[in-house]
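Each of the next two complexes has subunit A plus one more chain, namely subunit B in the first and subunit C in the second.
Take a look at the complex of A and B:
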């Protein structure tokens, strides 16, 4: 994997070290009193959704920029962020399901938070499908989907406060004790670094593809 | 001009949309109808370790697979670029 960014390798090493240390930090974190061991899924579950929030925001901003300004780089950033959103969303849904199996006794519950998170995932899967199979003009159609995906995200976040749901409210994070906070902040920083690294690699891939297409067209001319 | 108006309109709708959503008057208690885990009989309690291990293992497998796909796609594009450069070199000779 190659990239022209100078910061890529040092950040890659730092992220790898942080990921290697994260299981130790999680194992040393205190047990939550009601859920005990299974609550430790939280230390990857929460950072995943934080990273997803960032990738959705990046995708939405880049889609707006591409749609209204036509910036090619914005389109590449948007598609890279959309793909990352799908990956993080998949892990968020699966880890939540595994946690829910123990905490709620069911793998899945069609409540507001879970259903909206699932719909958000479907919107971004739709984004990628449109990009792959949509043909000419699919980039603009996908950008519109990216914007609507971004508009859905605040509803996903606030759903636990607005509707009755089995999922804990957003305020539960603020009730954590400091020794849990340090671990969750550490894991969140690790996930955000990972997201930045993958985003850079994916944008590089899209840029190389665009350059390849340009060179093929120049050769044909 | 119209483009700016559209841009402002879309931005406003996106930012204001959550404010228009109606919060329902739900009960503050979210524990109604639930039995605390520590009150379940031992036979009905579920071991947490396999679920915890499954979650972290799934993350590891998913990330390894995803990074492999990126690496694979990058390698393919770079190979195509080298091939194209070779063809261009041949064409100019």
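Take a look at the complex of A and C:
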């Protein structure tokens, strides 16, 4: 994994082009009836959360793999995915908050999705903290955090859902007209590609670091 | 059967040590009581308790004193350098986890025996209208909280920053327990008692317990292997 993947540059170019085109696609999409211009933030907000769902899943799966098989690569993938989760989570919380301010008139609401997002953000910041300050064996501690973090998310969702809810239900997405759908799918694809790219680059960085450590130790001996 | 016998042996060992000094029990109890006392200074004004505060305060006191107890239990193992011996014993690791978990749960139950009447008394909260539902909520909530807590405290024994890390890692993951506990308890405190809502939260707690106890038993072995 220390050699550069030959797909990296073509995918990078493709993603850059897609990102450059996305504002045009969003501008051309029809207005939503009630929220008008404000709704446009949705085209970046929703894909962020899709990307986050993927990175959380990847992190949990990689943590499990690392814990039970001890594959070093799985650990690197887990760190990369956890960092991406924090970044996408922050972006999603900020874009969601801005949207909420305009659409609901408040910056923040303790509804199911928002709380789950906030908690996931906390859990994965905890993941990074434990990696940084956990000392020896922190990779296993972090793996446990990844597994338990992934497992607790549905519970947080359900519990706050019963508590109260103002966030639009998933069914709202289904009622969008086709011309909006294309733009959303396009933006989601763009964000997923971006996530995959950063993940690959980050995993490669970790692999290089490990290789450097190995060679350094070999030199010392 | 051997599995449960080993778990009970670990529990017996912890009890025997604890009964010599009552160190963890007395410090945890004292902490829980001071916690409730501080809350009562903040939330009881002119003899009137703030609406709906009792349930939250009860669970915060349980969660905070639980963290303290969890940290101390494993600190003792580390201090006596007995953790390695415990892990080297020819016993299935999950059984050791189960023994530790039972000890923590028992300790927290004793704490609750003191804290619940105290909150009821200071906040004029009618906790005992539906004693069975209250016991179910407290029992399941404590089990869920302690299940995750025992695993994390055990893992953190070797970490230098364990005292800070335990709450940082534990609270976000056990939020569903706290939400269910607080909402369920305040449903019990409502007049009239909102039984369907309380049962709903008991159901969520049961599900949480099943998932997290299983997950902890499953991951304890690889997590504790160096």
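Before moving on, here are some points about what is shown:
One rule holds for everything that comes next: the second predicted complex is superposed on the first by the 205 of 221 C-alpha atoms of A that agree within 3 Å, B and C clash if a C-alpha of one lies under 4 Å from a C-alpha of the other, contacts with A are read in each partner's own complex, and residues count from 1 in each chain.
As a working rule, a residue touches a chain if its C-beta (ideal position, glycine included) is under 8 Å from a C-beta of that chain, and two chains touch if they have at least 3 such contacts.
Fair warning: this is a prediction, and the values are worked out from it, not measured in the lab.
When the two structures are aligned on the shared chain, A:192 is found in touch with neither subunit B nor subunit C. Of the two partner chains placed by the overlay, only subunit B lies in contact with A:99; subunit C stays clear of it. In the overlay built on the shared chain, the residue A:151 is in contact with subunit B and with subunit C. When both complexes are overlaid on chain A, the residue A:161 reaches subunit B alone and has no touch with subunit C.
When the shared chain is aligned, no partner comes close enough to touch A:50: not subunit B, not subunit C. After superposition on the shared chain, subunit A has more residues touched by B, the comparison being subunit B against subunit C.
In the superposition on chain A, A:137 makes contact with subunit C only, while subunit B stays out of contact range. Of the two partner chains placed by superposition, only subunit B is touched by A:40; subunit C is not.
In the overlay built on the shared chain, the residue A:11 is in contact with neither subunit B nor subunit C. Once the two complexes are overlaid on the shared chain, A:211 sits against subunit B while remaining clear of subunit C.
Shared contact residues on subunit A (touching subunit B in one structure, subunit C in the other): 68, 147, 151, 155, 158, 162-163. In the complex of the two chains, the subunit B residues touching subunit A come out as 3, 6-7, 10-11, 13-14, 17-18, 21-24, 26-27, 30, 36-38, 46, 48-49, 51-52, 54-56, 58-59, 62-63, 66-67, 70-71, 73-74, 77-78, 80-81, 84, 87-88, 91. Residues 148, 151-152, 155-156, 158-161, 164-165, 168-169, 172-176, 179-180, 183, 200-201, 204, 207-208, 211-212, 215, 219, 222-223, 226 of subunit C are the ones that touch subunit A when the two sit in their complex.
Contacts from subunit A toward subunit C in the complex involve residues 67-68, 119, 122-123, 126, 129-130, 133-138, 140-141, 143-145, 147-149, 151-152, 155-156, 158-160, 162-163. Across the complex, subunit B is touched by residues 1-2, 23, 34-38, 40-41, 44-45, 48, 60, 64, 68, 87, 90-91, 94-95, 98-99, 101-103, 105, 147, 150-151, 154-155, 158, 161-166, 168-169, 194, 198, 201-202, 204-205, 208-209, 211-212, 215-216, 219 of subunit A.
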